[in-house]
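In structure tokens below, several structures.
Here chain A shows up in two complexes: once beside chain B, once beside chain C.
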Partner chain A sequence: MSEPKRDLVESPEEAAATGTLAARISLSQRAGGVAVPVATIVLAFLIGGLVVLATGHNPLDTYRDVFNGAGLNWFFHPTTSTQGAAAYNLSQTLLQSTTLILTGLAVAFAFRCGMFNIGGQGQYFVGLVVANWLGVSFADMSLLPHALITIVGATLAGAAWAGIAGVLKATTGAHEVISTIMLNWIAFYMASWLFGDGGPLQTSDPTRQTVPISNDVARSAQLPVIWGTHGFQGLDIGFLIAIAALVVFWALINRTTLGFEVRAVGFNPDAAAYGGINVKKNLIRAMTISGAFAGLAGALDMVGYLYHYGQLDVQVSQVGFIGIAVALLGRNTAVGTFLGAVLFGGLLYGTTQGLSSNVIQPELATNLTYIIQGLVVLFIGADLLILYVWNSRRRLRPRRAARAPVKAAA
Partner chain B sequence: MSDELVLEMRGIRKEFPGVVANDDVSIQLRRGEVHALLGENGAGKSTLMNILYGLYRPDAGEIRLNGKPVSFASASDAIEAGIGMVHQHFMLIPVMTVAENVVLGTEPVKDGVLLDEASAERRVAEMAKTFNFAVEPGALVQDIGVGQQQRVEIMKALYRNADILILDEPTAVLTPQEAQDLFEILRTLRREGISIIFISHKLKEVLEIADRITVLRRGKTIETVPREGATEESLARAMVGREVLLRVEKQAADTGEVLLEVEDLHVTDDRGIEKVRGVSFQVRAGEIVGIAGVDGNGQTELIEALTGLRRAERGLIRVGGRELHHPSTREALDAGLGHIPEDRQRRGLVLEFSLAENIALHDYATLPDSKWGWLFPGRLVERAKRLIQEFDVRGGGPFTPAGALSGGNQQKLVAAREISRDPQALIAAQPTRGLDVGAIEYLHRRLVTERDEGRAILLVSLELDEILSLSDRILVIYEGEIVGEHGGDVSEEQIGFEMVGVAREVPA
Partner chain C sequence: MVLFAAAAAVALVAAGCGGGGGGDSTGTTQKSSFKAALISDIAGFNDNGFNKNQLKGLNNSASKLGITAISKVSHSSSDYQPNYNAAIRAGANLVIAAGFLLGDTMKKYAKQYPKVDFAITDDSASAVGGLKNELGITYATQEGGCLVGVLAAKQAEQMGKKIIGAVGGIKIPSVDSYIAGYQYCANKAVPGTKTLIQYSNSFTDEAACSNVAQNEIGSGAEVIFQIAGGCGDGALKEASKLGKWGIGVDADEYGVAKNILTSATKKTDVGVEHAIDLSFHNKFPGGTDILLNLKNDGVGVGTISPKVPKAWVDLMNNYKQQIISGKLKPPATLSK
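Right, the complex of A and B next:
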């Protein structure tokens, strides 16, 4: 008889009773492989579909149009010229995904160190603001250095902003969820004021003196476009930078001593300290790196395709929060974050594009994304529910799950 | 004890995916007996009891209660039938009183809706008196000690009219004195006709309290024997299936230079209370120095200060002649200090990490594990393979998460990591807590081997047996001070007195 093994996920109640939020979520994420995120998505889409149904439309039509609106039909008609609508839509989906990859990584990295970074939105604003300021200044520089300075400056600013929460946690024990939420509001009002009427970053164009929108960043700071047309929101090389960020994330976590420390602290700070790892240093460092990802998101949006930003944009932006759903759904891994970002990028763009009032109530269109996002976070946050379903499925069919870990036999 | 059978479990079989946890297990419980269920971790004790308590359904076999066949669909069925279970982890509500916890779920009610507090307290007080529980019904559970909390759990079962009581490893959380108090209570219960199933893997206490002993091994009943005639050796053999060396064989210590030295160390705990008060001692190469004491007398703080996990108020630590002032964990490691921590799951291992990563927990940042911050996972795996083989860690390979191993193998993994770093001094805190006989035997032998290799070994343990059988010198710690120092041949009685603060000579 093989030695009975202890099962990590067998007693969720016990673990949840003692563990932190991060421990609970990492617990739920170990259960059931990819089945749980897939089930989460399916369930979220089903309930989203019910909402559509309640408004008197056929959810299948809606989802088909969202799919096409996101440009995903391009994969079935790739020979259509790049000027085609599908190609344009797909490029827009990828543009949204660029942001979400990075705001997702901002959440995922902190998570791997056992912290819940809710502050991606604020860190993103800080990145946007600094990128706009640097991109508008130094207008006479040449392209590469100017874009580089802008991106690096905004990334560092995002890192520093998140670092505040890290320092507070390491020194005073202030919970990062509370401090990052507060930092979000500070960044929100700061950006509102900076871009607002009379604010320091408001446009200098004398004909638009009362418009609460910033100047465009200089041409020398604008990133080259790789798919589509510059000036028409073509897909810029920011997308490739986001892909590179995924690789950096993966390598940092899995192939460096820094990642080793981050993961050790994330799983078990007591054991990490015993191992000789400086836990406080890692909390600060992980939070800072998290913020760098979100700051980079703001920078790439600014120099990639937005070029300017306004007070109203500040009020409606949600990308930092969607990043939470992206990371949770992607189980805080690089590949998962990419898939989650493309999914939500497609939803964000697909629901605004080409949905006729025949298939969905216009008021519902954009909000469908947020409903699904909310459901995803809710389901993953309600890990106990999912674990319960998962475990009772196993209890009901014990013999079939021959490869599953075994409840300790004594 | 009468010969009347209150419970009979016959031919019980329970299979989990890949494991037969119970295979044709039978046990008979007489009225008013303490019946020990003895077996190593994983032998199937808990499964059998969970079946009895209605938590699992058996795949085969029958349960007879007072001669009548029964089948429980849930724990409430079992409670209804007069079966009570006290788990290792208590299920009490800390902010409620003893009486409230006892009556919870079946509260006496007045005026239709209100909890009749006075009646609850009165009934609980009566029960406490009948069974000599010495528990204050009005006290808050959070204010009473672990031993008393356990009594509250027993009272909960009795309050629901249990006449069969299952105790799952009840002494695991108790000090030796509390264990004695528990045994006294069990004897009282036995006199009152209550039948007790006592789950344990500790041979000594089984021989002390049980009337009859059923031994399980790998899911099978090996034998049921009366206490009379059973010995530790015979029980160990039945449990493990082979001869076990309970005595640790070792030569006289051949000591060398002082490798670990502590001078006038003062350490406070998190609440600012001084827990270590001026401790000084030396450990030489080639000797095992044991620190005996009741839990909570400063052992934890002493170890934490030595290993850099806690900052000492003052005092001096020398490892291999090197002075350490308020060392960080890293500095203590670099000075040549190895540490098998008292809680392997909380401190010693990252359970989610693979075996390879756990083995690298101290050295991941240096060659050959990494260079300039870049990890070489292949090298981690190579080293893990070697150590897994050398230390006979079973149940997984380099990529297996440490949490999937059994307790004994987890501890071997910790020992493998600490010893393979070739420390000058090794601190072993509770190295065999919760382990079964086979793993204990292995770790004890290993500690003696490492002693003979010329390491200085500091053994801190709450198990007096362990201290006595391994140590070349014994220090007794009481309220943060060393109150006695002895050779390895001191009597258990002498140390027992010093451990509770009675400094008196036992006449030889």
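Right, the complex of A and C next:
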């Protein structure tokens, strides 16, 4: 019975589909409900299990190790002796998820405007750099203003960085995929230089003159910890700020004129322009807000628990790119992004901690981590295929046959 | 009575045996209750050298001393603290940091857990707080760098241009000490030898090092010394492809490409085993450093290509003797 209703809702969007990659992905992502992302995850874990089996280990044991490594066993027996370890692991999973929620939102917001923001990584670096600079300076300030200035400054810097891509798109038509990738490399080398030997943000500790790591942000800029110990990577209030950002994202998209315009441009820029919406303004606006989320991710990591950053950390950071997977898996919605971020946070931390036992050789554990993560990402891409099958099943119904020629012509 | 006495005696003997056996097994449990942990840096244990060798050292010690080995792999700097946390929760008596990147984290935990021993590869105890439960495991890599520099200079001279190249990963002390020794002794063995120094900005991306090697060879370098881990293998392959020579680093990289002169080795496994021995036997020299150098065979050269003339090897061995005797002291830092 629900079938015809869904068709009604879907048809205008389908008709409005434009040629842009992001618009098409975003459109197909809205179809299929939660069944497709769930099927995606199940499939990834099934195949991941086969790979584990091929290496001669029990997949169920391995997944149990990952589950426990992520601290999720805390929910089941919070009273046993593993409580301390489980609670700590869970706090770390949430810490990793905090970053991914925000880098996920950075991708999701641009998607809703029909743009593919690959630049989350670069915007994150810009946020980190500015947060480190502001957090190390003004050391005499008191906590609230210092932390606030640092977070706001870094968020604005991330917004400005992404705004460059938005302005380029709006004024010259430069594709945001290309420009954000290029901006990523600029941010990468800039951060690498700033934190590197002789760079302006390198440590001023006289005993560590040649170490390519920054100074710690001042105590006054470090956020309070809500679960765990301060200074020992406890879960800080950055997690709550990320949750608040999810609410802001939802409200912006669904309850404001800005969100309506952004979505309208995402559905079909031509139709939006015809309806009196300033497309260029919205492209810049959406990109800027995207960058603000990624910049905030960098800021919260810096003042929340990292406090410093090194040239080599710049090399291995992937959070911006994982954010793309999080947003795609989460269907570019607030709730979906949250769930996607917790899944990836758990996978990242759970595989690192859980598989780092002596059951699986440490050399192999690293590869298993990458394989399981890679499979999830791969199948998120493949969910378009699942959707295709899903939709063609419906297309085969006789009652829709009459519409088929119209669609073929379009 | 006799029977009774005999029975008592048997019982006593049995008790004695039991006691003896029990004593032995307590002895073994005491030994095996010692736990040593190793925490990798962000390169993980698959880096075919630095971290992997240390894991080998940990496992060697585990089988030699009958202790429990705990290895924790890090994929990002946010993994360092959870790994220290997990190692200490698991009851580690000694936690070894696989590289200077872990210094900040080690400093915190060493302060928090004064009863646990902490050691760090490639950094000195004074750099991480100089506490009584901290040990630095340092390597005089400039000495190995010096020896390969001698061969590189001779090879470049023979090939026509007195130019040699160094491909560093990132400008960090443990990379620069190799290059400093290399440059110093190359110029000493063949005066006027010029050393080109560039960094690839990566320890993993082979293409990046291959580009840097190509660049240096384009500027006339005849020999390329890689100090960039897995990335540097790209430099060695590129050098062979262009008909030049390469020099490996950390591990013996003789098989990596066709034209490998030799490798400057750094036995990080030996350092780890040494630190575990000291902690295990309660002789942990807290607050100080152990130095692995040419003299105690902690650094050296790997397989030397059979194409290298014996005269050069003799010259290199001459340098080696001078360093061991203290007559020659290659610098550990590059002059700015």
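Following the convention adopted for this analysis, the second predicted complex is superposed on the first by the 338 of 410 C-alpha atoms of A that agree within 3 Å, B and C clash if a C-alpha of one lies under 4 Å from a C-alpha of the other, contacts with A are read in each partner's own complex, and residues count from 1 in each chain.
Assume a residue touches a chain if its C-beta (ideal position, glycine included) is under 8 Å from a C-beta of that chain, and two chains touch if they have at least 3 such contacts.
Predicted model only: the values in this text are computed from it and were never measured.
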Touching partner for A:267 - first (chain B), second (chain C), both, neither: first
Which superposed partner A:95 touches (first chain B, second chain C, both, neither): second
Contacts of A:257 with chain B and chain C, given as first, second, both or neither: first
Chain B versus chain C as contact partner of A:310, first or second or both or neither: second
Partner chain(s) touched by A:275 [first = chain B, second = chain C, both, neither]: first
Chain B versus chain C as contact partner of A:232, first or second or both or neither: second
Intersection of chain A interface sets (partners chain B, chain C): none
Complex contact set, residues of chain B against chain A: 16-22, 39, 41-47, 89, 216, 218-219, 307, 309, 328-330, 333, 339, 341, 346-353, 357, 360-362, 364-365, 369-370, 373-375, 377, 394-395, 401, 403-406, 409
Chain A - residues contacting chain C, complex: 84-85, 88-89, 92, 95-96, 189, 192, 196-197, 207-208, 210-213, 231-233, 305-306, 308-313, 315-317, 348-349, 352-353, 356, 358, 362-363, 365-367, 369
Residues of chain C defined as touching chain A within the complex: 40, 42, 44-46, 52, 55, 69-79, 81-83, 85-86, 89, 100-101, 103-104, 108, 112, 126-127, 170-173, 176, 201-204, 333
Contact footprint of chain B on chain A as seen in their complex: 1-8, 14, 26, 30, 254-261, 263-264, 267-268, 270-278, 398-399, 401-410
